[in-house]
Every structure is written in structure tokens, then in C-alpha cells.
Amino acid sequence: MKNFKEKLSGRVFLTLALFSILALAVITIFILVQGAPVIGKHGFAFIAGTSWSPGNGEFGILPMIIGSVAVTLGAAVIGVPIGICCAVFMAEFAPSLMRTIFRPAIQLLAGIPSVVYGFWGLLFVVPFISNHLGGLGLSILAGSVILSLMMLPTIISISEVSIIVLPSTYKDGALALGMTHWQTIRSVQLPAAKSGIVAAVILGLGRAVGETMAVIMVLGNATAIPSSVLEPVRTLTTNIGIEMGYAEGEHRQALFATGIILFVIIMILNISAQYITRNKSKSLKIK
Amino acid sequence: MEKYKIEIKNFNFYFGEKQVIYNLNLKVQANRILSVFGPANSGTTTLLRSLNRLCELNPELRYEGEILLDGKSIFDSRESVTQLRRRVGMVFEVPTPLPMSIYENVSYGLRLGQGKSKAAIMEAVELSLKQAALWEEVKERLDAPAMSLSGGQQQRLCVARVLALKPEVVLIDRACSGLDPISTAKIEESMSQLKKEYTIIISPHNVQQAIRVSDRAAFLLMGHLVEEGTNDEMFTNPQDKRTSDYVTGRFG
Amino acid sequence: MGKNISFFKGFVSLALTCASVITATSCSSGGNIENGGTKSHVVVAGSTSVQPYMEVLAEEYVKFYPDSAVDVQGGGSSAGISAVGSGIADIGMSSRSLSESEVELYQFTTIAKDGLALIVHPENPVDNLTLEQIRDIYTGEITDWSQVSDQFEGDIFPITREEGSGTRSFFEEFVMDGQRITSKAIVQSTNGTIRTLVSGNARGNKQAIGFISLGVLELPGQNPVKGLQIGGVAPTTENLANGSYELFRPFLVVVGEEREESTHFIDFILSDTGQGLLEARGLVRIDGG
């Protein structure tokens, strides 16, 4: 009887796992099937075309690619330095009372739904930009600010762990040579934790690239290629979000094709993150 | 009378509530090798780490008493702790190569804020590596990552790194555990050369090593200093029964 | 060999269980229900411009006829019309006239007239623009307020609805005269968000211009916006009814085959009660009453 239970549970788990893979395969195939005809028909002009006007049969997504890149990079410029500094602070300087408060607080940041971020952005960030920097406020900058906040928990927690798991001998060795704490961090710990931190950043970027709800409210969604961070823009994700409800026929297929491009970008980001962390565990082995 | 490099007076040390070192009084002569030995958990490592104030990394540690270096207290808040650690260098039990090249490891202490010329640094690196008996093996590949060295070589690298700063005292904490006999021998050999210039305090990883290298020895048992004296006194003719029991291997 | 067979059996039975559960749950939701003295059920879908009005009508209808249920969904004029075609919806709502191909397939009835209002911030001194000026603003040819007014200067921020919106095609048809709305225009997806943007208090909001349904021009409890006169004619319901305001469009309902419940509801919309409701909310009734 026991043997039967063992086998049954094993089979059940296997079946459930297969279902998840099946779901992933179904979604992937669906997107590919729906989107491939457009890419086939327009080819390079799809990715390089600068004019998105489905009503006129134009499906160039270059402005959206630029939009995604600009907003994500902007988020990185803001979020990465802040995130790494926070991680260093938590790993090296914070008294343990502060740590017990900060850590859950940062996890809370991660738990806030993206639509709430968007709403907050619309109420505070957008008017702020409009009043103090110009434009309507709906802009790349607004999107970057919100996305940087959403990236922070990922960057901070993974970077912090990367620093904490460093052998204490690194720190001991450097300090015993008369290095100050800050010198030790700068010249030994950060370089040693580098691949973990890079992986954290890439994962954060991946999240930013896939974000839709938070940014759809603050980006302005214009289809032109922006010429400054104060101008409105559309990302690959918001393009789908804004038009999916109305799209039919080739328009709808073009949106799925946008999805394919997104898929590819995020896969590249995730694979790079895995590759970097895999390498890291090899090079730090002390013989 | 010989001048004492280090004097430890009435030193007590606590991990939180637990006392680790009890009322230690010890005088260390300059240019000699002193072994501080004893069974595990006797406080030998703690003592060494107190001498360069590395123990302060753990906020739960407390101490009472005095430690004087050349007559001045090392705990004096007017002295910078980083300065102290340049005068009192340490080699750890586990090799601690920094994640950089061999050359960068040895010159690490020299580069940061010292303002020395490249040539002067190169000279210092070469000298330190020779003193650590490593120069011949690495002179062709100073740019190779320190991680590519064997354990014994890494340990000697750490010694070179410390020596490059021209400290006055070198602390060696069980520096040869896990090393093969040849590497161990090389390190022990360099120690006897080094004592001409430096004061060396080691925590040997076994009694035999203490016998081989030290001039004087101190036996620490569960945080208490049982006995100290010259090599001969301690190992051939100890006063205290506990010392002789430990030295002869009756307990460990 | 035995292992493989029993695994296969287990998998198949698990899959069958899941399949039957899914089928059972999907059978009971939505769709048409057999009418045997039980509730009548009408599904209405389509233009988000018509939707708020339809919801009010539906609510009122159910009060009169408690045995009925009316579901109102959005999705856009085009989506609503095709939903009728595919049978998902009983009635489609449209805020634009039907295309030639659509006219052949469906029957439509006009239930009201709506106007399109161009709106700016109340503090914007501009009161009046010509259709050409508006067109030039939206093509990107006019970029600064000083080009249409000597009392105001600053970048113009045109706001439009998304492609596929009935309101947008209304605008394109009546104002753009075949030219494209500039790709630099901000795109928002409802009347409400455009209104919010144009009425906002930040500096940039005061330089924005957008278009919304005339019916939501005056909304109690919302920040006020200013409706621009087009060629001197103000966007009021009077001007819409008497034909002097150019930007007007019909609200239509579209049906496929005849269904008693749908017809009953449409009759209600066209009745005095229904039309009165629409009029109270800023539309122009079609019964002339």
C-alpha cells in the first residue's frame, strides 16, 4: 500500500509539472502562430519601421522598441545606483535593528501592485514633472521613475545577498592590512560581488521591460519616436495594452508579433542573468 | 633589560556574556617568535585578533584591561585602527587572497593612499615575495589571478602581502593547517629569517610546530594563561602538570 | 511495461476529470438561457462612448421589467458590431455610422445624437477655433498656442483617443479631412482620462487640448473643462439639436436576427422614458419630443 502511495504521489507531481510546461508551450505556440504572419509579411520593416498606424496598414514598431529601451534604461540609471548603495548599506553598515525593519519594507515595495504604482505616478510624479521640468508630465521620465521603484526590491535583495555570501576572509584580509571599511567595500567586496550584482540588475531590467500597467498611465502613449525624456512615448508592452481591446485582423496579429519581440528580449535578459551567475560560482572557488 | 614590544596586562575578553580570556598577563619580546598555543577554544585566536583589534568587527565583544604596543595602548581612541593594523599585520588560518592578480594582492596595501611611485611599489613587491619564499615561483606570472595559486602558495602570498606594508609585528593564526609538509616547511623557514626584522606571534596548529619554530611559548588553556617561557623550558621541562600533559599529548 | 500502462491510465483519468470540470463550469456562464417563463437576458456590447448611457437605460429598464436582465459591456464600436455578428452579443452599440459592408449584414436604429466637443483648460484664454485650426493642431502643423491666439503662448499638447475608438474615428472623419493625427499626440483610452488630463492643475495641463463626447462636457463633481466654440458655434445641446454645431454623430444600436427580447429593450430606449433619460444626460433625442 505504501508503495502505491509513493508511486501515486510521484505520478501526480509529474503530471502537474507537465501541465505547467504544457501551459507554457501552449501560450508560446499561440503567440508565435498569431504573430508570425505579420513578421513574415513585413519582415525587417516591422522592427525597423518608424510609423505605427494600423488604420493605414503601417506596422513599424521601432518607436516602441526605442520607447522600451529608453524607459528601461532611464529606470536603470535611477534605480541601479540607489539599489546598490542600499544593498551595501544593508550588508555592511546597518545596525541589525535597521535591517529587521528595512528588509520587510523593501519586500513590501515589491508587493505593491503595479497599477497602484501607476496611479501614484499619475497623481504625483506626472504633475511634478509638468510643473518643474516642462511638458505635460506624461513622459519617459515619469515611466523611468516608477519603474526604478519597482526594480529596487529585486536589485537590493539580490545584491545584498551577493555581498553577504562573500567569504568573510575577504573582508578580514583587507581590514587586517589596514584598509578602512569603505576602502574594503570599494576595492574588494564590490568587485567580488560583481557578477551577483550584475545578475540582480539584469533581472530588475527584465521586470521593467515587461511592465505594462504601471507605465501605461504615465507614458502618454504617443506613437512618435521621442526626442527627449520629457516627451511621451509608447513601449512594446503598452502598445499591446492600449490597442488589444480594439484590434482585429492584421492589427491584432501585429500586436502578437510585438509580443514575440518582447518574448525574445526578456528571454535574452533572463538567459544572460543565469549565465552570469553560473560563471560566478566557478571563479571564486579557493583551492 | 630587553624592551618588550607588546605588553598585555590584566586582559579579559567576553563574547556577550561568556568570558573567553581570563586576566591575561603576557609580555612579548621584540624580534622573537612567540607561540601562543593550546587546545581548541582556548582563546588563542581571540587573543591574536585582539592584538590588531580585528575582534572589534563583532559588536558583541567586550574587553577589559590593557594591551600596549611600544608602551602605548592600542585601544587609545586617538590612534587610528587602520594605522595599528599596518604596524601589526596578520596572516589567517585560511588563505585570503583578494580577488585580483598576484601583483595586485601584494601591492594592495601599498597602492591605496600611499602615494608611492610604480617603481618603488614593484621593488617592495619583489622584496616581500622573496621574504615569503614565493618569488621564484611566481616571478614570471605576477599578473595571473591569485586564485590560480595552490593553497600553500596562496598562504605565502598572504604573508608577502602583509610584509609589503613593513609592519613591526606579524601575527600568524594557524597559518599552516591544511598545507602540505613542503609548503609548511617553507613558511616555517621564512619565519626564522623574518624574525630578524619583525616580531612574530604565532598560533601554531600543533605542538610540534611550536617546538620547531618558536623562541618562547605561552600555553593557554580555556582562556587562562597556564605557563610561559623559553622553548626549552616549556617543552622539555614544563613547570605545570597541565602543560606537560598537553605537550605530551595526554589530552588535546 | 506494466508501469507505463498504469501511468498512462492515471494521466488519462486526470485529464478527463479536468476536462469535464472545465466543460461543466463553462456551460453555466453567459450566453442565452432557455426562456420558459424565466428571466429574459439581453447582452449589449460595443462603443465605450455609448456604454454609460446604455447602462443607465439598462438599469431603468430592469426596474420596469424585473424579470429581465441586461448586460452592458464595452469593447468599442467595431468590436460590438462583430460581437453581434458572431452571436456573442444580442445588441451592438456604435458611435459611428456603419460601413457599407456592415450595412448589408445588420439592421441599425439611431437612438440619439451625440456631439464631439473640443476641450481645453478653463484657464486657457482661447474660446473659439475653426475646424481648420483644429486640424492643423492635430496634424502637428500648429505647435504653439501663440499661433492661434495673441493672449496665450506655449507648446500645444494635443490628446487623442486610441485607434479603433469610435470617438477617434468620429474625430478623424469630421475634422481631419483625410490627414493623419500626428504621432506626437498623447493617446488616452477613455473620455474620462482625456477630461482629467485637460482639466488638471499642473502647468502642462493648461496647454493641453483634447476631444470628448459632448455629453460628458459638464459632469458634476469633476474638474471643469472649457468646450471650444467651433467657428463661433458653442458645443451645447441646443446647437446640436438645431444643427448649427458641426461635430455631431449618431448613436446606433445594431442587431442581427430579430429577437423578441432585444426588440423589447430597443423599444424602451426609443420610448419617451428612454429618450428622456438620454436627453437628461446631454444627448439629443431623435424623436423630436
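First chain written, first letter: the chains are A, B and C, and each begins at residue 1.
Following the convention adopted for this analysis, a contact is a pair of C-beta atoms (placed from the backbone, for glycine too) under 8 Å apart; a residue touches a chain by one contact, two chains touch by 3 or more.
These numbers were taken from a predicted model, which means no experiment stands behind them.
Asker: What topology does the chain contact graph adopt: line, ring, star, complete, or other?
Answerer: Drawn as a graph, the chains make an open path, so a line.
Asker: So which chain ends up closest to the centre of the protein, judged by Cα positions averaged per chain?
Answerer: A
Asker: Just the number, please: Cα centre separation of subunit B and subunit C in whole Å.
Answerer: 82
Asker: Just how far, in Å, is the C-alpha centre of subunit B from the one of subunit A?
Answerer: Computed value for the inter-centroid distance: 48 Å.
Asker: Using mean C-alpha positions as chain centres, tell me how far subunit A is from subunit C in Å, no decimals.
Answerer: 34
Asker: Okay, in this complex, where on subunit B does subunit A touch?
Answerer: Counting only subunit B, the residues touching subunit A are 52, 54, 57, 82-86, 89-90, 92, 94-100, 108-109, 112, 147, 149-151, 154, 158, 161-162, 165.
Asker: Could you list, by residue number, the parts of subunit A that touch subunit C in their complex?
Answerer: Within the complex, subunit A touches subunit C at residues 8, 11-12, 15, 51-56, 63, 126-128, 130-131, 134-138, 220-224, 231-232, 234, 242-243, 245-248, 251.
Asker: Give the list of subunit C residues in touch with subunit A in this complex.
Answerer: Per the stated touch rule, the residues are 7, 10-11, 14, 74-76, 78-79, 82, 155, 157, 162-165, 172, 180, 182-189, 197, 200-205, 207-208.
Asker: Where on subunit A is subunit B touching in the complex?
Answerer: 167, 169-180, 183, 187-188, 191-192, 283-287
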